[in-house]
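Letters A, B, C, D and E mark the chains in the order given here, with residues in each chain numbered from 1 onward.
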Amino acid sequence: MNHALLILTLLLCPLLGFLFNGLRFRSQNGVLAGTVATLAVAISFVCSIMLYVSLLQLPADARVISVRFFEWIAVGNLTVPFGFLVDPISAVMILIITGVGSLIHLFSIGYMSHDERPAKYFAYLNLFLFNMLILVLGDNLLMTFVGWEGVGLCSYLLIGFWFTDSQKAAAGMKAFVTNRIGDAGFLIGIFILFLTFGSVNYADLTDLVPKVVETSWMGPMTLATLFLFIGATGKSAQIPLYVWLPDAMAGPTPVSALIHAATMVTAGVYLFVRMSSLLVLAPLTMQVIAWTGALTALVAASIGMTQWDIKKVLAYSTVSQLGYMFLAVGVGAFTAAQFHLMTHAFFKALMFLGSGSVIHAMHEEQDIRKMGGLRKYLPITHMTFLLGWLAIIGIPPFAGFFSKDEILWQSFASPYGNKALWAIGAITAAMTAFYMTRLMALTFWGKSRFGKDTHPHEAPPTMAIPLIVLAILSVVGGWIGIPHVIGAVLPGHPENYFGEWLKPYLTPAPEVHGSAILEWSLMGVSIGLAGLASWFAYDSYVNKPDRPKRIATAMGGVYRVVYNKYYVDEGYFAAIINPLIATSKGLWLYVDVNFIDKCTYWATDLVHGFAAFIKTVQNGKTQSYAMYMAVGIVVIVTIALL
Amino acid sequence: MQINFGLIDVLLVSPALALFLASAIPLLIKVLRGNREQNSFATLIYGYLGIVVAVGMTFAMMGTERSAFDGALVFDGVSSFATLVILFVTAASLTFSSESFSTNDRQFTEMLFLVLNCAVGMLTVAWSNDLIVTFVGIELFSLCLYMLIALSLEERASKEAAFKYFVLGSVASAVMLYGISFIYGTVGSTVLPEFLAATPNLLMTNRLFLIGFILLIVGVAFKLAIFPFHSWAPDVYQGSPTPLTAFMATGVKAAMLAFFLRLMAAQAFTVERFWPFVDTLQWLAALTILVGNVAALRQKSLKRMLAYSSMAHSGYILIGLIAAGIGGASVLGAAGVLFYLFTYSLMTIGTFGVLHLLEGRADSDLTLEDLKGIAATKPWLALNMTILLVSMAGIPPTLGFFAKFFVFSAAIKQGLVWLAIWGVVGSIISVYYYLRPIVAMYMESAVIRQDRVELRPLSYFMVTVMALLVLAIGVASEPFYQMVLASVTVVF
Amino acid sequence: MIWEAIGFYSLAIFLIYFAYKTISATNPVHSALYLVLTMMGLAAIFYNLGAHFIAGVQMIVYAGAVMVLFVMVLMLFDLKAEIRAFTRGMFSGLVKVMAAGVLAGLVIGSAKNSVVVVETGAPGQMQAGVDVSRQLGILLYTKYLYAFELLGVLLLVVAVGVVAVSRMKGGTHAQR
Amino acid sequence: MPSAEAMLNIGLSHYLFLSAILFSMGLIAVLMRKNVIVMLMGIELMLNAVNLSFIAFASQNGNLNGHIMVFFVMTIAAAEAGVGLALAVAIYKKYHELNIRFFEHLRG
Amino acid sequence: MLLSILIFTPLLFALIVALMPEGKWVRPTALVLSIGHFLLSCLLFYRFNPTSVSLQLVERIPWVPTFGINYFVGIDGISFWLVLLSTFLTPFVILASWTSIETRARSFHACLFILLSATLGTFLAMDAILFYTFFEASLIPMYFLIGVWGGARRLYATMKFFIYTMAGSLFMLVAIIALIFLTQEQTGQMSASLLDFYKLDIPFVANSFMNAQTLLFFAFALAFAIKVPMFPVHTWLPDAHVEAPTPGSVILAAVMLKMGTYGFVRFVMPIFPDAMAYWAWLFMLLGVVGIVYGALVAMVQPDIKKLVAYSSVSHMGYVILGIFALNIYGLTGGIYQMLNHGISTGALFLLVGMIYERTHSRQIADYGGLAKAAPIFAIVFLIVTFSSIAVPLTNGFIGEFLILLGAFEANRIFAGIAVLGVILGAVYMLWAVKRVFFGEQSKLVENALAEGGLDLNARELIVLSPFVVLIFWMGLFPGDFLHWSKASVDHLMQNRTQYELNIEP
């Protein structure tokens, strides 16, 4: 099959699905809408696999399929083709997106079965996938930006899906605007790159960029990557723009799974993996990225430990995991970042869907304090969730372990990394284990704390199947990227397939100087920490339910600050949004109405005053008029005679 | 001693003769028939007849430059142009008068007599080549106007207006005459060419001549309502019956401008000794524009507003006059003046005609209130008024725009950029009050009026003609401008 | 020469005095009479300047006809002496007087140092031995014929106009 | 002060002085008198002053244009006086008042 | 002849409509005529040669030859789309006003046609005086549109609109006259033709204000800046827009504002290259201030129409920024943004008008939950909103991206601030969308619902659908549109200092 046609099919299926559902958005027929949408994505998934196979058939160092449909923008030196690029990096992405996407679509059929506007929902979802595919497939920065904004747009629509609730609509808007801040940075990054190197195509950029490491903050590469990173902080919810993601949980849960866990939020990571050859030339940016990622991971994890809303916990967990990925990017471990992106997509999507299943079962209840003991009622959900939990806290051999460990090791040993970064990473890992176990304990284990009129019921098969598939992936997903040290001791010496796959297309991870023993021992430390934290959480929340409260009281102010998410939202409101609105009102009232308009009024008043003066001078007295004449004559004659 | 005049001189002045005869015949008839007023339409026909003959004679005599009565009168492009304008406005205002409540009564014959002889005076001024003749002409039309205003049936203000005009006009004539006496004394002659030939030299050496020259210009400026000699204009325009306001606002200016242009032909402004005065004159132009436009902003009475606006137009014309006077490409300035004069006459006659058509009683003084909702009841009239006002504001493609364009062009060409900019500022102010009547007509709801106004077909026709001319000549101004240019090139 | 000076100055003082009385007399009739005297003084000066014809006309037309008209009208109104001759307003009065004074001053100042008589070959050049009145007549009926006729028209117009104005509603000869 | 000789040697300028003084007196009458009739007299005075100036110049210049002018001015002044008085009569009949201050209705 | 026919047939139409009997046939006639006119203008696609940089379809008839003034019209890539935009909008405006204009339908349509004629003339005139004539003449019908069919404060608004615009353009007139005499000085013959103006060599002194080129430049710039409108002479715009009837707002925003920016490109850029380059910083600064200021003020407007009006200020700020960036990206973007703004803001005004017709309120606070009550309306509004805030694959993005790119090349600081406009644009539009469409249904919406349907009817959908199609078409295939203007724009930018425009033989 022709590659162009394949890519076209890949892209158009979701778009057609969107159009199909969008044009009959009033339809109540959720099954039809869901089936069409799911089929569309499934076809895309098939296309992705076919593309992957096509890539496999190419030699290892020339696995690039590039298709340009038409010139999109051509002005001056700027030529932006409407072109797509399938290489190992984007191949991984499209597989994840369409794969996880089709599962989540499937899940949504059941989840949205009682909604008023299922067709609209699936339309948005398909549109999102379309945009996400453009994002990852675009062969230039501008195409990426198209998808970048497009997914933001769909995110806006989906978060505000239940728009009659003003809060949810506000959350959508917050997401879009926050993303827009990042997008503005992204734009500037594009400008700098284009004006410095004269192209926005990835291929050209890789060729054109001088292979010289920049050491100045003002160098074009450093500036450009920094601005691109601002874009990434918006999209991928990093400090300081992460605030929208927790609010984004206002949307339907499958949306959170698809957009705010598996795909969209990882776009930033994808971008830097894609741009790795540039990034390594700007070590200062890498430092910034690494530290931002690490801090985000830490802060988000700490907030996650205190939240009671099941989706909020998962949201902060997502932020935290994204922090990991950026940490990996920052230390030059691009493979690890991409790897973690993938595994995270599996287990986080799983957990979100699981939480969706829980919420569905609990009739839209999201507070974990009102759950507990759901293991009995929701066995499948519990089982799958359990596997996800094991994956995220990094228990070998679950998927999360391999990717996370790779990141921690690189942040310790890479020349870009250092011990502090590793320490933060490790602490975060422990915190992750804590809050995830806490979530498990409060939701599924222990006694049930919900009212008698609530009768949780297991999800229908359309919801169960995706859970199971994802659970399997969460288990085995990591096995394709087994680190060398582990692979060495395993039977059959499985190679790091994932690393090999990406290797020719990524700037190779820097030479790691560290012995295998060190790696093993660090691995042990992190697993140990995670285990300890998990046990502590289990103990606290299942066996001694009053301990958390005691600790919270003991922590006092610190707990309150963390519980209130460090008052970041409030801070933004106080420092930026409210002053902005006040300023705007001031500008309007004092500059527009009271100054510029007043100035014109002053001018007219002046004229009118002068007119009034003339009217008084024109007093109707003949002799006064004669006097004006006489005085006028005298003055004119005097001037003329002088 | 030679007596060097003949039939040709009589033929040359025949427009004036025709007017006089046409004015005398109905009066004679009236006297002979025992002082009984004739049908006003018949009287009007006599007037038209005289005007038609006058126009015909003017056309017949046009083309070559001639002088009559031993050089006391001159017939060249400027004078024929002014003649035609004067005859045109006379015809128009006679038409309005015959249908106006305030002028058409038992004394319409006398009225017509005065108007036509007034026109004779104006023609004389336009033709005169001798200060003595000029003065007599000025006095003739001034006295006619004083009495015409007083003749109005409109009781409230016309007497006052006439008296004010009389006193101030007489003072102005006295001043002008005083200036003429100095000119006569220093030049030794009142003949215009001699006076103008001696001007550059005398301006340098003789202060008395300088004063004389200035006083002469003051006299002219009074008639043109140039600041600070303008104060009479609003009061008199407001107090006069509308047809006559139209007449004196246009005819007087036509005559005086022809005379002024002759003065400017001397290029006296190029004399260095005269520069302070030239500067002053520029300031007067600027102030005239400013005061005219600003004062018009706050007028309730539409006639008064138009009076101020016509004062502002005088200011624009003065810009052209200065441009014509300072040497260099004077032709542009002079052509601009004549073109503006024509434009101004059309617009003023037209607007006053509309006001006249809206007047329901002898002593009505229309305000903006009276215009409200006209667009609904009299759409065609409102449209005409709109075209005329838009033209007055100088918005293309109407004639008013081109008039301003030519005057500003001349000013810029002559380096008087600041005056052009000042004129522009004035135009901006003027837009406001020119638009207000439009606002009232179209955008505000009608007020119920008591007095029914019957159809006045002749006036209606005249107004329509004005509006259409304003549009048509505006779109095709070139042939007309060429004509004007040709008529001034002889003088300049 | 000295007699000429004495004659001029006495006439000048006479003129200025009566002119002053004209403009300051509270009774308009007195004003009119003083004006007649002023006109007569002027006629004398005209005579002195060699304008005999004009002097005569001045006596007849002005002092005779015009001033009689004035007095007639004043009698018609039956005016009494006024309490104040001038309109109110200290400041404006001052300005008015000053304006008039400065104007006179400017003219006088200019006249004093810049009267240059230009000899021209104007047609009106006085020819020795020919009567001034005859020359005047010739000029009037040749060069200024048009103006002269116009003057006639003017007088006719004024006659007609004044009658018409007087016949107006509220006029002296109103018909209704 | 001008010299005695200049004072005694009566010439054109003396007549011009006289004319200027009379002119401004006439002007003052127009500017300041309450009574409209006296204002008209002021105008007559001004015209007479101008006549004086004309005659003086004429005798100096030795041509007759000045005389013609004066002749015309006199006629016109007479006509003007007629018109002025007619107007005065007209307004007197209307307002029964000759005080100039009563005619200030048109203003602004 | 095509161009003259295009310019003058609307006048004929105006006459036809004005002379018709008032009644139900007025609107269909006007609609048919305007559609015919639009189809006529589509002939341009066949007659216009996009590869040529010359002036095409030229007609030149002496008008006032004494001053070198000609009736001189021609079209090139710069004016091409603006002409089509004007002709395209009119039928839809007429259709949109089908029910909203209740009184004096004849005069209304006559005004629209006269306005169309004047705008076409403005875009096609290649003679300065002719341009000025049309530029001014366009004020009069708009003055009536606002003044007669406008809202409560229409008299104030229309007067302000007229005087502001007139004030600027009169200075331009003085400058045009000066240029005419300059041509006489330099070529010996007076000419008001733009082609001759382009050849002028106007003395310029840097670091000084009192020199010919700078003064003339500012005279022109003032006129166009008021028309655009640029900060700080923008205050007439919100008033005019708020008070204008919907068709008036649409034409005002979509076509008349373009006259200002078109003037910058057509006049200022080639005639005063030095002054433009020297003072570019000032105009970029004002453009940037306009972008941010317009956005901020739009954000806090309680009146939705006013919000859209201020968003116009912001959007036109982009156009100015692009033009004064003085590079190919900025200029192309600016020209593209003119079209975008015409489409998207035009559509916004139409939408606001449609909902106003049903609810009789424009206060944002009165609304809420409209998306549920009028879903199709909401969808169209959202699409237009996304175009307005420049989401990629809509038309707005292409323009804004190119402008910002150009601006970034010219001045990084200004571009950096201008990028804030991208954020703020999203803020004010989405905030308004949120308050109007989302949340609980307000009383107003409920009442309106109870009275009858709130959603768009078929006629309105027909009006809006071409806008929606264009939004995506222009966003997805900008080449289809840029193709027609590319040659001219490139030519202008490459020869900015020595610009010459030839007439296509």
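Here is the rule we use: contacts are C-beta pairs under 8 Å (C-beta built on N, C-alpha and C of every residue); 3 or more make two chains touch, one makes a residue touch a chain.
Treat the numbers as computed from the prediction; the structure is a model and nothing was measured.
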item: Both-way neighbours, i.e. chains that touch subunit C and touch subunit A; value: B, D
item: Shared chain contacts [subunit B and subunit D, defined touch]; value: A, C
item: Highest C-beta pair count, chain pair; value: C-D
item: Identity of the chain that, by mean CA position, is farthest from subunit C; value: A
item: Centre-most chain, if every chain is reduced to its averaged C-alpha atoms; value: E
item: Centre-of-Cα separation between subunit E and subunit B, whole angstrom; value: 43
item: Between subunit A and subunit B, centroid-to-centroid distance (C-alpha), Å; value: 79
item: Centroid distance [mean C-alpha coordinates] between subunit E and subunit C, Å; value: 70
item: Between subunit A and subunit E, centroid-to-centroid distance (C-alpha), Å; value: 38
item: Residues of subunit C engaged with two or more neighbouring chains; value: 87, 96, 99-100, 103, 106-107, 110-111, 115, 117-118, 120, 122, 124, 144, 147, 151, 154, 158, 161-162, 165, 168, 170
item: Junction residues of subunit E, two or more chains touched; value: none
item: Numbers and ranges of subunit D residues touching at least 2 other chains; value: 12, 16, 23, 26-27, 30-32, 40, 56, 58, 60-61, 63, 65, 68, 72, 76, 79, 83, 86-88, 90, 94, 100-101, 103, 105-108
item: Touching pairs - complete list by chain label; value: A-B, A-C, A-D, A-E, B-C, B-D, B-E, C-D
item: Contact footprint of subunit B on subunit D as seen in their complex; value: 12, 16, 23, 26-27, 30, 36, 39-40, 43, 46-47, 49-50, 53-54, 56-58, 60-61, 63, 65-66, 68-69, 72-73, 76, 79-80, 83-84, 86-88, 90-91, 94, 103, 105-108
item: Residue numbers on subunit A that touch subunit D, as the complex places them; value: 615, 618-623, 626-627, 630
item: Contact set on subunit E toward subunit A in their complex; value: 160, 164, 232-235, 238, 293, 296-297, 299-301, 327-329, 332-333, 369, 371-372, 375, 379, 386, 391-393, 397-398, 401-402, 404-405, 408-409, 415-416, 419-420, 422-423, 426-427, 430-431, 433-434, 437-441, 476-479, 482, 486, 490
item: Partner subunit D, residues of subunit C touching it in the complex; value: 1-2, 4-5, 8, 12, 15-16, 19-20, 22-23, 28, 31-32, 35, 38-39, 42, 45-46, 49-51, 53-54, 57-58, 61-62, 65-66, 69-70, 73-74, 76-77, 79, 82, 84-88, 93, 96-97, 99-101, 103-104, 107-108, 111-112, 115, 117-118, 120, 122, 124-126, 132, 135-136, 139-140, 144, 147, 151, 154-155, 158, 161-162, 165-166, 168, 170-172
item: Residue numbers on subunit B that touch subunit C, as the complex places them; value: 1, 3-5, 9, 13, 20, 27, 68-73, 106-107, 110-111, 113-114, 117, 120-121, 124, 130, 132-133, 136-137, 139-140, 143-144, 147-148, 150-151, 153, 155, 182, 185-189, 191, 194, 198, 202, 205-211
